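Mind having a look at this structure? Questions to follow.
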C-alpha cells in the first residue's frame, strides 16, 4: 500500500496543546526522510476547506520543537460539519493530490476525520494532542505532561502565599469531563483535597476533611478542583459555601485558566510527540488507515479510530486512593 | 545612639511578596554581624501582641533566600488597631527587651508602626515589601520585579494559545490602586492594550484600537487589565461588552490571581532585599528611627515614614507613551 | 506478617535526585496512616552507623514535595562496606527497635541493603531514586524526568546563542554508563547528533553527519554527548578534533554538570515518588522484603533486589532510530 | 535634522544577549510609527558588507519579544576592521539609501560604528546589549538582568545537591574583565564567597573564610568565581588547590557557560530593550548622532560614544561590602 502515499496533509485541530509543534516537526521530517511531500493546512479542517496551506520542508519546522501552541494554528470548523464543507475539503485535497491526512488533535478531530475518510476514501491517521489526557487508546496525550507541570508550578506559587497567610485556597484546573489533570497535579502539588467529576465526595466529606486537616496541625490548605466537578455550582460558590460553614478559614479562589494550554513543552511531551509523529507516517506507509497512534507501556501503537471514539479511559483509582494517604 | 540597640524584633506584615525571606535573612545576619540579638515575630503585629516569636540566628535563615512567601508568616492584625492591642504589644516588647522593630511590608504596615513608635517610643524601620511597587520613597519594592516576571511568563503561555486560535484575551493582573504591574508587564509581554486606573482610555478608544490592530494584520490580541481599572465593571463584563461590539472576536478572560504573589524571587529582588535588610540595621545603629529604607538610583536611602505615608509615586508616563508605539 | 512492622527507618543514599523528598514524604505519611513509627536517618548508611536520626511525623515533611535534594541528606558510606560498620548499624537499629529499612537510592544502595538484610535479617525495601534511569526493574527512576527537563531547558538556552552565531555546540550531559539522559534529552532538544556509550558511531560518521547537516541548510548544530561516550577522549578533545577537521565550524563546549541533579521535581517525578513511597510501606506490611518498588506500564511493582542487582535495562533502540529521522 | 532620516538599518553584533529581539522589535515599530523605512542587516557589520538584509515591517517582529538570541543573528566581522570592508559597507548602505544605523551590541560594536560614522558620515546610534553590564553610560545593559536570573536559578539547583551532600562547589560565571555578574548573582544566590577580577582576595583569605563558614555551622558552601578572577590559574586548579589544603571538603566545579547568554528575557530586560529601542529612533529624529542610548535613574539618556568607549563603570563597592555580612 505504501506506494499510494506520495503526498500528505497535516493539520492541528481543537484546543491547542504544548508539543503539537514537536509533532508537526516529526511528521514533516519523517515525510522528508521517506520522500513524501507534505502540506501543512492552517486552522484544522477550516484550512482544508479554504485551501489555506503551505508546502513544508525540514527547514520549515526548525526551532519549533520547544515552542508552545501550533504554527499551523487551530480552530473548530463549523463548515466541516456540513456535507458541503466536506465536499469542498475533498475537492481541494484531490486538486492538491493529497493522498492522506495526519490529524493532530482530540477525539472530536478524529471522529470528524473518520467520517470524512469513510465518505471520500481519504486515509487518516490521528495523533492525540490535548492536555486533557482523555482519549482511549493511548496512555498519554501530547501536552498533558506539560500542563501538569504548569499547574504544579502555579500551585507551588500559591502555596507560598497560602502558607504565609494560613489560608484555604480553591484552585480550579482544566478538565470538564475528566479528572486526570486535577488528580495528578493535585498529588504532585501536595493538595489537601482533590475534587474530580469521576468521584463526587460531597460537601460534607470535604468539610470534615478540612477540619481534620486543621486539627492535625495544618495551617493552610489547597483544594484542587477540576472544572467538571459538581461539589458546588462552581468553584466560586463552593469556596463561599465552605467559607460560611468554616468561618475560621479565609477561603480564596484561583482559576488557573488558559495558561495551562501554553508554554514550552516538557521533554516528555517533546519525545512523545516526536515518536508519534514519525510513527504516524510509518504506519501510513505500512498501509494502515483510520487509526490513531498512541503509546502503551512505552511502545507506539495503532488503534482503530472507530474503536476509541466513545468514552475515555478511567482515572487511576490507585492514585486516588493514595492521595488520601498522602494528605494525612 | 547605636549603644541603645541591643536587641531588635523583625516581622512581615500585609500581603506577602517574593523576597521577604531574603530581607529577613539580611536583617538576621546583619544583626549577627553587629552583635545584636534578633527576635522573629510571627504574623506581623499580631505575633507581637500574642508574644509569638523565636530568637533568630544566622543558621535560622539558611536556604531561604530563594523561597517565596515569608517564614515569619504574615497577617493583618485587627487588635493592633486598638489602643489595648498596641499596649499589649508594647508590654511584650518591653518584657523581651526589644529596643527597635524592623517592619517588612507595605504602607499600611509602616503607618501602623509610626503610630506605635510615637505612642511608645519604640524606634521602627520599614522595609518596603509588596509586589505593587506603590510606595513613595523607593524606586522599587521587594517582590515587584518577581511579580512582573511571573506575569509575563503567564502571558507568554496565554499568547501561545491566543495566537494558535486567533483570539482576544483579557488578562487581569494585580493592582487595585496602581497600574505599575499592568503597565510594565504589559510592555514586557507585548500586550496590544494596557488598561490602568491612572489613565481611563474608555471603551470606545479600546474598541477603536482593537479594530486597528486587526486591520494592521494582527490575528490575536492581548489586553492587560489592572484590577483597579474602570473601563468595565470588571474584567468579565468588559470582555463580554467587547465581544458584543466586536462579534468577529472570540474574547476570553484569565485572572492571574494569587500566583503573582508567590514564586522564587528574581535575582533583582534578592539583591534588593539583601541590601535593604542590611541597611535597615545599619541605619538603626546610626541612630535613625521611624524611617523606611528605599532605593533611588541604585543608592539605599532613608525616608521619614511620616513623609511617605500618603499617596504613591506616579506611573511612568514615558512608558505609557511608548506602549502605544510598541503595539503598532 | 504485617504485625512485625511497628517501626521503620528511611534514608537516602548515593547521588541525590529531584523527587527524593517527595518519596520521603510519602513514606512518612504512609507510616502515619498505617500507624507505624518512622525514623529518618541522615546521610544514608553513615547516619545509621552514627545513630544520626530523628523521628518523623506527617508535619516533619510539610512543604518538601516541591524541593530538590533530600532533607535527609545523602552520602556514600565507606564504613558500611566493612563488617564492623554493618554490625554497628545493626546494633543501632536493634537498640532503636527498627523493624525494617526503606532505602531511597540507586543500585549500589540496594546491593548494600541486600547484603545487610541477609546478614542481620532486617527487611529492606528499595525505592529507585537516581537521575540516570539505569536500574533494572522499573521503567522510570525518581529524578530522571526532572533531569531531562533541566537538560532540555539548558539546551534551549544554548540553542538561542548557537543559532544567533551559527555555531556548533557540544553539550555534555550526565550518564557514565548509560545514554538514557543523552538520548531522551537529545531528541527532546532537537539535537543534530546524540553520542551515547551504548552505540559508538565513531568520529568519521559524526563528521559526515555534521557536513550533511550543513549542506541541508542548517547553520548551527547541537551535539549531545553522554559523559560515558567514547567518540573522543572527552568532550573537550572531541570538540577540538572536530574543529580541526571542519574548520568552517566554530565549535564550543558546555558541560551541564551538577545542576542536572537539582531543581524542583516535575509533576511526573512527584507523583512517581509519592506512589512508590506509599507502596514501599504497603509491600512491607504485606510481608514482602528485600525488594525494590518500581513502575511498569503505570503499575507499581515489586522486584527482588537479587534479580535486579546487575546490569540495567537497554536504551530504547526505536528512539535511537527515529533520532536520525528527526534531525534530517 | 529629522528630515534627513527616511530609512535606517538595524543590526546586532558581538555576543548575543536576551532582549536583543525586544530591542529590534522596538526599533522596527518605532520606525513604522514615525514612517521611516527599516532594513534589518544579518550578522552585524558582516551583513552590511555582504548586503545581506531584509526590509522589516511591524509584522516581521511579531512574537519575538520573549525569544532569546537575535533574529538578525550576530557575528564578529574581520572584514569591517579593514578599510576595504568599511568602504564596501558604505557603498551598500548608500545604494540602499540607508541614512543611519542602529547598532545593538557592546562597546566593540560602538567603537567600530564610531570609526565608520567619522569616515563616511553615517550617523550611528548604539543600544547596549550584552549580559556583562560593562558599558559606561548606562546603569543596565540589555540581557544582564536575565543572565543574573539564569545564574541564580542554576546555583539554586546546585545548592540542592551541595546541601544534600555537604559539599563545596566552585561555580564559574561569565565576566572576563568585570565582576558584575559574579557579584550580583553571588549575593542573589547566597554564595559564601564571591571572587571577582576587581578585588583579588587571595587564596589564604579564601581558605580562612571557608574554614570560618564551616566552624559557624555551614555544612556546604558555594563559591562564585568570575571568569576573569585570578585567585587560581582557573577554576579547576583553584578547586584542586583548595581541596588539597582543606581535605575535609569534597570540592566540585561547575562552569555555567553559554547557557547564560540564552533564554527568554526577563520583564526588566524586555521593558529596558523596548524603551531603548524606541528612544534610539527618537534621538535620531531629533538630530542626535554617534551616541549610545542608556538608562540612568530610570531615565533614558544619550551619551557620546566617544565619551564611553574606554573603560567601564565600577562594581558596586557597597554590595561587595554587604556580601560579607550576608554570608556570616
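Lettered A, B, C and D in written order, each chain numbered from 1.
By our rule, contacts are C-beta pairs under 8 Å (C-beta built on N, C-alpha and C of every residue); 3 or more make two chains touch, one makes a residue touch a chain.
Predicted model only: the values in this text are computed from it and were never measured.
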| item | value |
| --- | --- |
| Where chain C and chain D overlap in contact partners, by chain label | none |
| Chain separated most widely from chain C, comparing mean CA positions | B |
| Approximate Å spacing (C-alpha centroids) for the pair chain B, chain D | 28 |
| Separation of chain A from chain B, taking each centre as the mean of its C-alpha atoms, in whole Å | 35 |
| For chain A paired with chain D, centre-to-centre distance based on mean C-alpha positions, whole Å | 39 |
| Junction residues of chain D, two or more chains touched | 156, 159, 163 |
| Chain-chain contacts as defined at top | A-B, A-C, B-D, C-D |
| Chain B to chain A touching residues, read off their complex | 12, 15-16, 18, 43, 67-70, 73-75, 150, 154, 156-166, 169, 252-259, 261-263 |
| Footprint of chain C on chain A - complex, ascending | 25-26, 29-30, 32-33, 58-59, 62-63, 65-66, 139, 145, 148-149, 151-153, 156, 159, 163, 184-185, 187-190, 216-218, 264, 266-268, 270-271, 274-275, 278, 296-298, 300, 316, 318-319, 322, 325-328 |
